[in-house]
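I am attaching a structure below and will ask some questions about it afterwards.
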Amino acid sequence: MVDVAVRQGSVRGVRRASAGTRLRYALRRKSTVAFLMTLPLIVLIAVLVIYPAFYAIHLATLNKSMTRFVGFGNFQFLFKRDTFWMVVEQSCLFAITAVIFKALIGFIVAHFAHNIPSKKQRKWRGMLLVPWVIPPAMSTLAWLWLFDPSYSAFNYTLGLFGIAPIPWLGDAGWARFSVILVNVWYGAPFFMIMYLAALKSVPDQLYEAAAIDGANWWQRIWYVTLPMMRNIIAITTLFSLIVTFANFDIVRILTAGGPVDQTHLFATWAFRVGIEGRDIPLGASVSLFMAPILAIAAYFILRDVTKRGNEA
Amino acid sequence: MSRRRLSRRQFVTATALSSAALISAPYLRTAGAAGKLSIGLWDHWVPGANKTSTDLINEWAAKEKVEVSVDYITSQGSKLLLTQTAEAEAKSGHDILASGGPWQPQAFADLLEPMNDIMGPIVEQNGAVNGTVKYLGQADGKWLAVPAVIGSQIKGPCSRIDLMKKYADIDVQAMYPAGSPPKADNWTLDTFLKAAEACHKGGYPFGIGLGETTDSVDTAGAIFQSFGAELVNAKGDLTIKSDAVRQALEYYKKLISFLPPDVAAWDDASNNKWLISGKGAMILNPPSAWAVAKRDAPQIAAQCWTHGMPAGPKGRFAPYLPFFWSVWNFSKNKQAAKSLLTHLSQPTSIERLVEASGGYDLPAYEKLTNLKVWGEQEPPKGTLYHYPDPYHQEKLSIAASPAPPKIAQQIYTQATLTKMCLKYAHGEKMENTLAWAENQCEGFMRT
Amino acid sequence: MSTLAIDKAGPNRKIKYGSMSRDRVWALRWSYFFLTLFAVFSLTPPLYMLITSLKGSAEISAATNPWWVFHPTLSNYVELLGSNQYLRFFWNSAMVSVGVVVVTMLISVPAAFALARMKFWGSAVLATGIFLTYLIPDSLLFIPLFKMFAAIGDFTGIQLINRWYVLLFIYPTLTVPFCTWIMISYFASIPKEIDEAAIIDGASWFQTLTRIFIPVAMPGLIAATIFAFTVSWAQFLYPLVFTTSTDQLVLPVGIITTLIKGDVFNWGQIMTGALLGAAPPLVIYAFLMDYYIAGLTAGATKG
């Protein structure tokens, strides 16, 4: 940093100088202080994220026994495999469907929760947040137990109405449904709480004004609520998209990718190939493939956010 | 706490150790009192089984004046496998580690300490090991690991005596009488299929998984081998497009129609629950399901009978899952590790381990398949007598063998066999299924 | 049930828009209807956990009505709470989570302050960039990270593998970016005049942060704390890979790896363990939820 040299002298100078110069001096050494304040963050990210990520890239260019450099050989190999394209497709399907439903349910629930008197809100909010608070590895076990082939409580209930048992995890369609269902169950409260927070920050006057203009319920949402919440929707969606895309525990515990690889995601397949199949370079290549897809999504969403941030 | 750190415990039982001391004698000279050994063993599901192995280790440690620490690591969620992978990457970790599956000695071959020097005497004493153990545990005549007693299992049929009689008209107790050789000449895959159909009709389908975990894969492996079906042969050539594979697929297609609808999602626990809940007439599993039923559903346990596999056109194959104990070549105390493994492989130790597991654990050695513990288990009396295949009428095999282990491991962990069966059973054309499997196997041949 | 609630709730809110009150009653009715629906969806699995946790293993095996406990027993709770092992998991989880919260705050608060207020070379890129670290998921990083920590062990003799405190280094990669993001937004919402005035009065940047920004941004801080705590409490993959000894395990991994053995699931205890494991975050939410929402209101909506 250029300003480093200024640091010591300026400290004493500030005290004696007039108000105007103090501000100027402070601003001059600001970037040094700022840099020092962000240093732990930079170090953390550099050492524990960026460096290992590059190391993973290095791993992805090695052959199976990690003795030889093969360049893009692993990717060339992957692109020829049906399973790989299935995993790409399924990851996108899983992430997009789950995020849409999470966002939708989160929005609807937040809206309804916002509607009711604030005294009662606490209780409802508390109940609706429960899924997000339980560690997903544990709650997924509860779902696994609910879906169990021999003891399924859902099938028991359906049986009372004379409905035949559903192979919750045994049939490709149902298994995908179940995995997405659990993910939505776990993730929707996060959206709900973010939206609820955002809803509260929308000034009441806007609604009053809209009401006076004769806007109906739907128009109020479309013209007042949504525009006010655009940023929060974008950020929450992005965050959730990333987490959902990279999901490991839910699919791992519920289906481990089956039946016939039809619920594998990048993370679970990378684990299967890399750790269980002991082909670490190939596993690293699979999971590296997540990054560009997410980066594209992040680019669009963040560009949108910053653009509007500048307008504001 | 299952991690126990004990140093120089009092000498407990000298008698049980006399033979071990003989073999480990050379080691005794060099061992300093400060020697340390860390051990990672398979976390046994049988209550009290871990304690017996801890006791055995402590007895040895007290005698050898080695400080030991024992971790019990579950195989669930690939925890044991993850540990092994992580330690291999880090080149540090437990001195002795149980393998997280049958393929680990081969997968980590270049990082494991050869065991020839101790395996020679052990085999001489305990009898030969079967071909599958050699196939998995040896590379180029070098022993990569010591066959572990703890956790090794045969996944033969565990049948409901009453239901099999009622619906399939088969008396499993007469077929596999306790205390005497089996009369199972008519127990073939055809009989098996008919029984599956009959029990399905009766509302108690067989519980045979078609998931991607070991129970499902091992069963498929044994049935494929009964037809002589190999995806990749011992030389490493693709042999998928063969009549044997077609026959095996046809057979499985018929079988799947008599199984519960969600078998594709079954894991290793699903078949246990199927039996314990009383919904099925048979599962293919080691006696853990029976043992849990004994505790939670005694009326069902009393009707369980563990016995041999049906024979196919190419012989009688049993799904076999051996575990191993291995020592890293970067271990700092290899001699002590070997001495301990020798101790754990003594007949007296093995008998104690098998007893502690209620007969679940199977020694790999020929002379040790007649321990009295199997004959004594009840209810019903003798239910486990045929579990260790005491008359050697079956070939203990592992799925995907005899392909070269590196390829076989991939076929096994990717569950290619069960996936093929599911694809074909769910309407994929035979040739497409075979082509798909061929494409998969080509991928597994990567080096 | 919903109509009752409306009768009470109706009059005390927004009754002033006379003609709208009819609308509101209907809106409320619909709201309660849907909220009940979603609450049932949310609470079914935890409720089922509770039901299962009260059953003995024989009752679970018997496949009776799964939604009812015929012979309630606390044996699962007694067994878990009486085992040193489970209490150890709890203790480890608590230490890790509290430790991670502290580390996270020490890193993200100053960084967020600097990025929100003190524009410097690269600050805009960095502000966006930290969020992008989430593009590199844990399932990609655990092998290289493991190799790194092993190498540290080799070179310095400091053993980090199979020690719970290694998680204190790793978890912040999951918590810091989002917490920094929350704090940036929150700090950005504080009027510039306040800190300019403080600087002119002679306060250093550090004093401005600790004396003015942190107190004002307390709700944001609490929100970030809760987030960090929940994430650390719930992490699964990293502890699964980095810790193996039973006395080093944290709660989720401990429950899954000690109560599931081979092919035998101990459902009663698993559900009990999961329920007890969910208790600390639930309690924290119950008390601090309002702060959380207030914190997010000021922070996140600014973006």
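First chain written, first letter: the chains are A, B and C, and each begins at residue 1.
The rule is simple: a contact is a pair of C-beta atoms (placed from the backbone, for glycine too) under 8 Å apart; a residue touches a chain by one contact, two chains touch by 3 or more.
Predicted model only: the values in this text are computed from it and were never measured.
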Result of counting contacting C-beta pairs for B-C and A-C, higher pair: A-C
Distance-maximising chain from subunit A - centres being C-alpha averages: B
Chain centre separation (subunit B, subunit C; CA means) in Å: 40
Subunit A and subunit C, separation of their C-alpha mean positions in angstrom: 14
Touching two or more other chains - residue numbers and ranges from subunit B: 77, 82, 89, 267, 273, 276-277, 279
Where subunit C touches two or more other chains, by residue: 60, 63, 143, 147, 256
Of all residues in subunit A, the ones touching two or more other chains: 150-151, 271, 280
Interfacial residue positions of subunit A with respect to subunit B in the complex: 63-65, 77, 81-83, 148-151, 165, 167-171, 175, 252-253, 255-261, 271-272, 275-280, 282
Complex interface listing, subunit A residues touching subunit C: 1, 14-15, 19, 22-23, 26, 30-31, 33-35, 37-38, 40-42, 44-45, 48-49, 51-53, 55-56, 59, 105, 108-109, 112-113, 115-117, 120, 122, 124-139, 141-143, 145-146, 150-151, 153, 156-157, 185, 189, 193-194, 196-198, 200-201, 211, 217, 228-229, 231-232, 234-236, 238-239, 242-243, 245-246, 248-249, 266-267, 270-271, 274, 280, 283-284, 287-288, 290-291, 294-295, 298, 302, 305-306, 308-309
Subunit C - residues contacting subunit B, complex: 57-58, 60-63, 84-85, 88, 143, 146-147, 149-150, 153-154, 161-162, 240-242, 244-247, 256-258, 260-265
Subunit C - residues contacting subunit A, complex: 5, 9, 12-13, 17, 20, 23, 27-28, 30-32, 34-35, 38-39, 41-46, 48-49, 52, 60, 63, 65-67, 106-108, 110-111, 113-115, 118-121, 123, 126, 128-141, 143-145, 147-148, 169-170, 172-173, 176-178, 180-181, 196, 199-200, 202, 205-206, 230, 233-234, 236-237, 251-253, 255-256, 267, 270-271, 273-274, 277-278, 281-282, 285-286, 289-290, 292-293, 296-298, 300-303
Residues of subunit B that touch subunit C when the two form their complex: 1-3, 40, 42-45, 71-77, 79, 82-83, 86, 89-93, 151, 215, 267-269, 271-273, 276-279, 285, 288-289, 292-293, 295-297
